[in-house]
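Down below are the structures I want you to see.
Both of the next two complexes hold chain A, though its partner changes from chain B to chain C.
After this line comes the complex of A and B, so read on.
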């Protein structure tokens, strides 16, 4: 039913290699992400999926290779700079402020967009108050979008895991990102929660045109919602293409199902 | 004369256009819509629907939660002389097929993507369904189906039309008569296809007025609309009486936020089936159990006091000086904060109906100063038949006949009603109409009951359900299954009960535990469990339930009439009874016969003297898929008591 328009390459990863001492986490990885698409990175445990995301995100600096974002090439990214360029992410192990309410957590995602200085914000004077109201309004739209109205004021630590994941996504959305990096958004969820999360990812992609890069090891989920899939195994790229192409790729089958000896 | 709903709307818009008509919480803020706003919206929708081809006398389906634009659409349809047919928003797609085809529906307004998907799914079975409008466009951007359009587009088109034809809307409203059909409600029905209950403007408005006069409702009331609009109760409270009285209807943000919204709105006129009051009480009790010991002691001390003197106080009787002083203190420390927490601080009149309410549950709310009363009525009678006056609320009656109602008890104990609010007919079902509506104008309620010495109506059970014990020690004793079930359901640990005993030698019950209450209890007992099924079958849980059953037996033994209904054996079901599996009606009443068939092995086990029984059942998930659950259920005996002989 979807008829979305996939644009040009927005993010181009070239020949990335990342080593931790003697451990090769990533070896010579290249792939690209096109505007408005849902791009999945899959692979078995320890394949280097999160490391790849951390390179794009500026958390790790790869020893070799380059990343081109909107025509600008970087040999290493700095995470603040990445955020300012419109790349937001969620975390596999949730990095929320457990004692803070849902609203405050999502508000923290607006941080980069708040213009008034610390002093004005602290005293809520001058333009700071008005600005806060505007940001709060934006946050309310996210709360509505993610259907978490019932938990607005609940401390995040009290919420079940599936809802915490949603709040994590909400905080990333608060940055109004052009590219959204999702690190195992469905991990540890039950079937119903997974279906909800899939719907949110599809809706984000569809309604806001946000480009989504998604790490997942639940094959079913990935194949259903992604436009293109990269497959990693032991830090190497072993497959790249549409879900159908990847599903029929011999190397991928071997990596996932093993071979008979 | 203000004889139709659209005329009432225009009157409010003209006289008090800026007064709030509806509020809806959106983006965390209550957004108010005035009567003028609603009238304008209804006009635009009506013009749009007219252009799209909706005819006078045609039915239009409306599916969704309580949303201002859905109510405005009902008004719009009525303005054109069309008949709105609200359907339950949680019905699965297949359940919508019969009503839509029965009423030859071409037009539907649905709330969101979920409902649109349902309509598209049944389109093949309902080929005439040509126009589907949706209120919330979320997720529907890329749907490219013929005849599918947003309500915004419809309103836009209607606005343009009304500019060119400024008198069209008013002219259309003028064409309607009080005796015209205003709406049709499908009854969920415990057997067979649902029946469309046809009501005229006259019947609905007359009953809405009677109820409003009885409780002196004004335009200043606040009502929270949170039950399905397809249920006539919600429709009376947030539509018919809304238009008659001109009060404010508040729509919650989502189904998950109802309790929060209830607290924020603080309704003055509140309605809920017993189930909701029970749920609220259970959640309070659970939280109380988790509170610190001082708070807990204070709570229990003052609740005991309230239980003793609270109901009398609300009935206007004297409770004595020291009790009055203590109650005042209790109000300060416990009842007031508790009412506030329940969102019932401003409640002037609260009603419960639909099912019998447990006496303890009923007096709990009255004891903390909430004016909870009962009423009696059904879809066929446009709700108001009997109402309890303010100082005469009791748990075991449903009140006195209200204005315009005549009541008579038939020889078989059935209650017959004559009232201006009776249904016109069942749609396209003269046979069923004849069965309930006799030529002399009496409506047969199929409820068994009698008028007590105070002139209050008392309902025992459905006529067809009242049975007799056959054989055994209590041969010939009366068996009122609902009476037994309700007694058990008052325990917070028990969510649902099905009782059997008619034409059998003893009474056996199947029980659903309340997962929240029992789960919480298990946690405090350090009792590990894997899920609902596992928890339900724990020996400790059986022991807990057994205590409840035996308390009920002791209670029943005190009533000479019902002592024979004591429960001999019981089991705890491994899954919750669910409307999606056909075990409950959409209004959450147990379908005893259906359950007996579906769980035949369990019934055999109960009466066959077994101590456990294997059962496998098919369950239906909300998305329409099915799966199987199986378990071996324990069956336990309960102690019964010798009947207490009434003192001579």
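After this line comes the complex of A and C, so read on.
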């Protein structure tokens, strides 16, 4: 693998605390993500990984702390505003538009980029027609890239799980995001599917230079593909560094393997 | 044979009108996953607005022309439906993002009662008439083929044409435009739709407005046939079997479902009615819907939902 150039900090998370009533989901979490890197957030079940991702994505608003994206700090954001800033995401429990075809699902990711007005679109005339064709071409590239050509017109609800995960990824890619948030992209997959997904993530990072933040609880996969890893346990950060550093971190080993009492 | 055709035409026309109301349900369900109980109330509200504005506009502006007055009344009523959609989004839906379907259903039930009462408060609760100049004369077709020909109401024919245009427009809107795609996306998953930058609030206003316009058209057609009165809301109940038959998520389904029910009602009343002492028209649609629920719950054209366990 060629050594890629890792840039400046693009996403800076500072002192995030999130509570649901009395439950502390996240306590004082800080870390940063640099441009073009693959940054993993790992931790055992219930460690607060998804909560962290949802804070970045604007689904949850943390009670304390701030998130800085490309030099802009925000504390109250909704998912749509975050999307407009160039952050795309996939979902752990697949949130695809089940009744729509693969093409339409991925096309919907182009939503923010479609500019022509409604009436031109409906009549398919002039610039609207050309624009639709351009977006469609872009989407076809994504479909080729994810190797789902055969399922273009299939309603996604009828696809097997592994392929649905790819469509989910495709929809996020269609946004041409600067930062891609992946919520357990390998969850529930068999070994072969996991390898495919790893390959896609690496290729996306490599070819498009997209910054990737991914959540996983499968340590093995993460260690192989990430540049840096954050480890959470019970809502607290217990490790942060390269995969090797993290692997040898006492606290991390304890969190994953338990301690002898 | 002429008699059969007459009954058939009558059924098709009635069915077209059911379809129009059913369409409103389907639109909102398709685009937001909400079963909108208030559609019937919206039909009445829109019809009331249309009838009363058409009556008031000449007084306000001194316009003599009936056509012009009706046009202005239509625009005013459409604006009112837009305001209603905006208010519903702002006061109700916005606060219920990501909630269960049943919560939203209950919310629309509340909206129903509000619109019912509010409409009659500002527009009055008498029986009003809408006269948009649709010809009332019957025409006789096929006079050469059958003795006496087949009697068809010209008004019904016009109504059918208007409905056909509305349906064609909506189909194009849903299938061919990016906004249509965004609407379908919102119906499937609120959170995912937001994550790709679809503005939920705007989409909801659009879809409730479109449903409001559908209600307005349905209200005008029903109103000019039967007069604008509270019983219009019960028309909405007739639309329920239509959507069960056609499928909750299908625009063509709403149309074909409506036609089947309209024709089925008329023909069964005419031919089976005498055998059982009549009254079939009242329950036919519901029994048909029940049969569908038992054997094909997704309707003729609806999406079959397969859940992974």
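Assume the second predicted complex is superposed on the first by the 257 of 261 C-alpha atoms of A that agree within 3 Å, B and C clash if a C-alpha of one lies under 4 Å from a C-alpha of the other, contacts with A are read in each partner's own complex, and residues count from 1 in each chain.
Here is the rule we use: a residue touches a chain if its C-beta (ideal position, glycine included) is under 8 Å from a C-beta of that chain, and two chains touch if they have at least 3 such contacts.
Treat the numbers as computed from the prediction; the structure is a model and nothing was measured.
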Check whether A:104 is in contact with chain B, with chain C, with both or with neither, and answer first, second, both or neither. second
Using the superposition on chain A described above, determine whether A:78 touches chain B (first), chain C (second), both, or neither.
second
Practice problem: Classify the contacts of A:254 with the two partner chains as first (chain B alone), second (chain C alone), both, or neither. | Solution: neither
Chain A contact check, chain B vs chain C, more residues touched by chain C
Query: Which partner does A:130 reach: the first (chain B), the second (chain C), both, or neither?
result: neither
Applying the touch criterion given at the start, work out whether A:199 contacts chain B, chain C, both or neither, answering first, second, both or neither. first
Chain A residues where the chain B and chain C footprints coincide none
In their shared complex, chain A is touched by residues of chain B numbered 25-29, 138-139, 141-144, 253-254, 256-257, 260
The chain A residues in contact with chain B across the complex are 1-4, 137, 140-141, 143-145, 147, 149-150, 152, 199, 203, 206-207
Within the complex, chain A is touched by chain C residues 169, 172-173, 176-179, 181-182, 184-185, 187-189, 191-200, 249, 303, 305-306, 308
Listed in rising order, the residues of chain A that touch chain C in the complex are 57, 59, 78-80, 83-84, 88-89, 91, 95-100, 104-105, 107-112, 114, 118, 121-122, 124, 132, 155, 157-158, 161, 171-172, 174-175
